[in-house]
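If you scroll down you'll find the structure; I have some questions about it.
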Amino acid sequence: MIPLSSYLVLSAVLFFIGVVGVLMRRSIIVVLLSIELMLNAVNINFVAFSHYLESITGQVFVFFTLTVAAAEVAVGLALLIAIYRNRRTVNVEELDVMKW
Amino acid sequence: MMTSYVLIPLLPLFSFIVVGLFQKWMRGLAHLVCVPLVFASFGMSLLAFIDVMRGGPINFDLYEWIPVGDFRPTFGIMIDQLTASMLLLVTLVSSLVHLYTVGYMHGDKGYDRFFAYISLFTFSMLALVMSNNFLQLFFGWEMVGLCSYLLIVHWYERGPATKASLKAFIQNRVGDLGFALGIFLIWVTVGSLDYGTVFAAIGEHQGETVSLLGMDVSVITMIALLLFIGAVGKSAQFLLHSWLPDAMEGPTPISALIHAATMVTAGIFMVSRCHPIFNLSPTAMTVVALTGGFTALFGATIALTQNDIKKVVAYSTMSQLGYMVMACGLGAYTAGMFHLLTHGVFKALLFLAAGSVIHALSAEQDIRRMGQARRYMPTTYWTMLWGSLALSGIFPFAGFFSKDEILWQAFNAGLLGKGLWLLGLVVAFMTAFYTFRVFFMVFYGQDNMDKEVKHHAHESPAVITIPLVVLAVGSLLVGWLGNPLFGTNYVHRFLQPVFHSSVSHVPEEHAGSLPALTATAFAGETDESGAAHEGVPMEGAPMEGAPMEGVPMEGAPMEGAPMEGAPAGMSENAGVAAGHAMAAAPHAAGAAGEHAGGHSRGLEMLLMALSLAVAAAGIYMAYLWYYRPNPAPAQLAATYQVLYQGSLNKWYWDELYDMVFVRPTMRLAHGMWRVADEIVIDKVLVDGVAITTRIGGEILKFFQTGRVQHYAMVMSLGICVIFIGFFLL
Amino acid sequence: MDHLLSWVIFIPLLGAFAALAIRDHQTVKVLALVVTVGDFILSLPLWLNFDSTVAGFQFVEKYAWIPTFNINYHLGLDGISLLLVIMTTFLAPFCVLCSWHAIADRSREFMINLMVMQTAMIGVFCALDMALFYVFWEAMLIPMYLIVGVWGGANRVYAAIKFFIYTLAGSMLLLVAMTYMFFKGGNTFDIPTLMNASFTPQAQFWLFLAMFVAFAIKVPMFPFHTWLPHAHVQAPTAGSVILASVMLKMGTYGFLRFCLPMLTDASLSMTPFILSLSVVAIVYGAYMALAQSDIKKLIAYSSVSHMGFVTIGMFVYNQLGIEGAILQMINHGITTGALFLCVGIIYDRRHTRDLAEFGGLARTMPVFATCFVIFSMSSIGLPGTNGFVGEFMVLLGAFTYDRLTGVLAATGIVLGAVYMLYLVARMIWSECSNPENQKLADLDLREFAILAPLVLVVFWIGLYPAPLLEVMHSSVLHLLDQTGGLAGAPVVAMK
Amino acid sequence: MMEAMFIYLATVCVVCAVLTVTLRQPVYNVLSLLTLFFHVAGLYVLLNAEFLAVVQIIVYAGAILVLYLFVLMLLNVRTQSRHLHRQWPFAVLILGAVGAMLVGALHSGVWGSASGESTAAAIHEIGDTQAIGLRLYTDYLLPFEVASLVLLVAMIGAIVLTKKSLIDDHIDQIKE
């Protein structure tokens, strides 16, 4: 029997890889991909808990996460395209107008 | 009927309101309103005077002014003998000055305004003297100050007038501050501001002290001194004197009315009014006497060398006020008041005459550029002569009687009194000298007038000369009222109820307590100062040859309560008062008896002759030096350069005040504003907080790179810190 | 009439809403005048129907507002606030009138601001719920901020921001104190209830400190006063009048309404501190006024000095002092408001407030000069004018409580005369040498209509203040009762 | 057997995740993420969540990642010479440390035991899909509807953001 903690550890590892990805990549696309990764890590948690705590609610929540992820991708990519059109770049570092 | 006396002050107030509101449409006709009303006021004062003489004091309240808890000061009217005599003086001089103004101010741009103000002044002065409590006294006190201010600044376009007005108001305010503090202390001590209550109760607080700069001072002394500070300001006594000469920037009628006859005497009036308080404090009395004496000398020394005709008269006013204050300080209130009344008449005359000269000589005020003026203005010449004689104290003019009265009282008042008597004699000499110096320089001497001025020189019109003549006659006659030699001393007889029964205005039902309190007043004096001066007022009686009746209490409350009545009254009053009365009664009787003796009369005659001689010497010296051009004064001035310059420059008090008060204050104000307020508080402290915030923001803004990954990184760091903290703790 | 108080408060606001719908500037001005005059007339029954024998609140209205936090729409008047409300409504028409021509730009918006302002000001005095009080208290800032910031002088933005942030910073502390009192005082913001709540001495100390800062800034007490000269100088005339006459009273009113009855122990222990600051304010304000060459700044500093008398009067715990303080609040409102109106009148003509530019106005503008001198005398505290009555009562109260305080405060009598007469001498008297001053026109009918009623009030209060004092007695005695009946407070010997 | 499966799936997941984050070419990133998604679906199967496993593949692999690929191709972004952010060593270091701590904590933690009603047997009885559906359309009906709204908004947002003419018109308007 696989202990719950294995899933949790796996999920944590994936999540942190995702965070590192958000922090270290310059391309918006990869940043967005890292966010997907993080969402998936969370999903694993949900499902694992759902299984081990014997409650179907966890799976329902994954369903919602999926919805949010889809929406996020749609808007995120749309923004990406808009940015690319205006700035001709997908480099996060160059997008720094939000300062003093 | 009695309440109708409220009209005495209200008539001038009414004319002020009418003229003030409709000034624009008056067009030089203000006198049609003011003059009749002020004469009506004078008439009513006469009625009141007669009423008081027959029926005793009148005292009633109009309404409560500031009713708060126990503090219930009123506007009220009290006419006792003291007030009645002041009323006559004020309304008489005011009426005459109103009349005089019609001629003097004719054609002036502010003719109507001027009338409005002198009406307001008359109202204020009447409110002051007719008050029955300290707060209304203060009301009148400040209001007359305001009127004085407004009238000094009448010709506001002249720079000096503006400055003089400022000076007058502020110096008066300093005095008023003392006065106000005195009132506060009275309230705290006695719990009332009503004259009757205060004077009745003040004796019970004799032992109490307040601490002042670490010293314990008797509360009564403190009250007396604080009140006296007010008198110093208003009556231009030494230290707060320098506004009075400067106030001569105002038109001459107000110099006569306000700065000679009435307002400036308010201080003496107030001290006399508060004599039950002053009597209880020998310390305060000494201070008062010394201040008065010194002021008399001080004013006289300056008057010797002044060249502005009005300034000379102004300094002489100061000097004469000093006399009166001195008299009060020696407890000779009657003498002080007598001199106040006579001085009011002849000084008003002198001012008005001087004004007439100025008016005739196209506003020339420098006596060095006058001379031989008698040729152009005989009436003015004669009236001024009478005024000068009165001021110099020449028999039989008013000044002679009143001044000698004061000197006689001083002579009888112990060692201090003897010193002051000597001083008074010196001042009398100086007075005679400078008065006639002016007189001779103006009316005789060398004709130094400008051609242009001489061309226009003329006798003043009747509206000006009539008041002069009236006052001249007055200055001849009024002294006889207080004549100690022939007939009755009416002034003493009339004022006696006031100064002998400090609570003459207390309603009838309290009459029983009067003798005891009277005796208290006596006792406070005789015990402390040890002088016999209060015995003096009774000397009018011995003259009459009716020793005991000679304490004729015409005032109703005292009726039937002469000396033998005193013990009866006393028995009803236990406590300290009774004890004092016991001690005082024999003394008073003794004093009366002593003066019945012939030797004091002979002495008095001798002293009179002496002072007359001194005055005559002063006049003669003036005659020698100034009747014809004479180089002697100039030589003398050159020899004693220091003294001459000192006197000419008023002993540099203006400069001193400028250096000690005015400049440092202004500099301190500017400095404090620039440094403390603008820089330290505003810029450093208040704006400093804002600037610090801003600097903080300026530094922190560099953390806001606008790059989302930096933000995320910082966020991660935060999480990291939380984690580490979580695991470590 | 039911809900009279609510009507008095909200009629100006309704007027403001009505003005929003009107485009024409002239119509809005007339509307504003009608509304303010109507509001004043409406407020008179408050006084006439006021039962001066009752110590508690009258004309009370109480409805639940935010039940979650036990916040009520609770209004009422007592003898302390009644006169302040009347004064506010009395002065409002003059503010409208004096802006008639002076505010040429966006006058419609200005009038709307004035009316909103009035609602908030009256609301502050009437609110009996701290939350409601706070709402009005803060609501007042916004129109004032706009009045100074939009219609002010050259440096208006700086002044407006300074004024706003400074007072807001104080208000924050008030909010904190209020919140604390809410929780410790039995989950209520109700002022009459909180007056009976007791807080521990230590809590009182901190509450007092927080409220002190809030109110001291508003008064303004030394050394929190520096926003005042800036705001006054920059504000348009109506703004200055409101600022000086009404807004400064909010601070002192706050002390009377909150600190004295609710935080009795702390008030008592802080009294020496407050009295010292007040004495400093009197002397310091006078000195500052002496150094000014800008007329408005001079009057602004004189306000600091005069408000010192008010704060002294409140903290001497006797009837004379407190009633004197309330009366002095009214007097200062009338007198200083009138002085600012006067300055506005000549500013309209000359567009300068520099003292050096003036002189000899008595010649060209005699009626104006007369009014100005009268108001100056009132400011100096000459007997017969309103200034004297309040000042004398306060000083006598102070002297009764503590001799030294009384003596030091009394020096304000002299200093006040010095700077005010200096102003009068430079402006009204002296030679009319500046050619620009020689052709000045005297007051027109509108300006005369502004000043004449104020002159009458000056003399009325000066000579017959009894009607005003009468309504205070019960409330003030009640307040003294709440502070522990300190009428016979310790008399400290003169040092 | 299950353990072996888990180890395989977990290892591949971690490797793919690392590759996703580190590879230079965006296409490779997407492809490795795709692989990861498949393996996560495998994990779901291990956890008896067959329905979610399928949804994972359909939505993530089938829709989302395809969308990414489309965008990549649409934009044709050139590979950058420097694909890592300057702060990457810090990020790795700090987050590695935190991650290690967290992993340690999770690993050694004691987790609650089963107590719910949705046991494996219970789910088996009606089927995974139906179990989710029952819950979704009863207890979570409102969130479900809100989710649909979110999607709608996202859709409209995406259209508005990407519709070239709209933005340009707006910009033109501003410029005018």
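As written, the chains take the letters A, B, C and D, and residue 1 is the first residue of each chain.
Going forward, a residue touches a chain if its C-beta (ideal position, glycine included) is under 8 Å from a C-beta of that chain, and two chains touch if they have at least 3 such contacts.
Everything numeric in this text was worked out from a predicted model, so none of it was measured.
**Q** Determine which of the two chain pairs, A-B or B-C, is joined by the larger number of C-beta pairs in contact.
**A** Pair with more contacting C-beta pairs, A-B versus B-C: B-C.
**Q** Give me the ID of the chain with the smallest distance between its Cα centroid and the all-protein Cα centroid.
**A** Ranked by how close its C-alpha centre lies to the overall one, first comes C.
**Q** Report, in whole Å, the distance between the mean C-alpha point of chain A and the mean C-alpha point of chain B.
**A** 96
**Q** Approximately how many whole Å separate the CA-defined centres of chain C and chain D?
**A** Here chain C and chain D have centroids separated by 65 Å.
**Q** Based only on mean CA positions, could you tell me how far chain A sits from chain C in angstrom?
**A** 60
**Q** Need the CA-centroid distance for the pair chain B / chain C, whole Å please.
**A** Using C-alpha averages as centres, the distance is 38 Å.
**Q** What parts of chain B, by residue number, touch at least two of the other chains?
**A** If we look for residues of chain B contacting two or more partner chains, we find 709, 713, 716.
**Q** Which positions in chain A are in touch with at least two other chains?
**A** Residue numbers touching two or more other chains: 19, 23, 92-93.
**Q** In chain C, which residues are in touch with two or more of the other chains?
**A** Residues of chain C touching two or more partner chains: there are none.
**Q** Which two-chain combinations touch?
**A** Applying the touch criterion to every chain pair yields A-B, A-D, B-C, B-D.
**Q** Can you list the chain C residues touching chain B in their complex?
**A** On the chain C side, the touching residues are 162, 165-166, 223, 225-227, 284, 287-288, 290-292, 318-320, 323-324, 360, 362-363, 366, 370, 373, 377, 382-384, 388-389, 392-393, 395-396, 399-400, 403, 406-407, 410-411, 413-414, 417-418, 421-422, 425, 428-432, 463-466, 469-470, 473, 491, 493-495.
**Q** Hey, which residues of chain B end up touching chain D in the complex?
**A** Its residues touching chain D are 709-710, 713, 716-717, 719-720, 723-724, 727.
**Q** Enumerate the contact residues on chain A facing chain D in the complex.
**A** These residues of chain A touch chain D: 1-2, 4-10, 12-14, 16-21, 23-27, 29-30, 32-34, 36-37, 40, 43-44, 47-48, 50-57, 59-60, 62-64, 66-75, 77-82, 84-85, 90-93.
**Q** Any idea which chain D residues touch chain A in the complex?
**A** It is residues 2-3, 6, 10, 13-14, 17-18, 20-21, 26, 29-30, 33, 36-37, 40, 43-44, 46-49, 51-52, 55-56, 59-60, 63-64, 67-68, 71-72, 74-75, 77, 80, 82-85, 87-88, 91-92, 95-96, 98-99, 102-103, 106-109, 111-112, 114-120, 122-123, 128, 131-132, 135-136, 139-140, 143, 147-148, 150-151, 153-155, 157-159, 161-162, 164, 167 of chain D that touch chain A.
**Q** Considering the complex alone, what residue numbers of chain A touch chain B?
**A** 19, 22-23, 31, 92-93, 95-100
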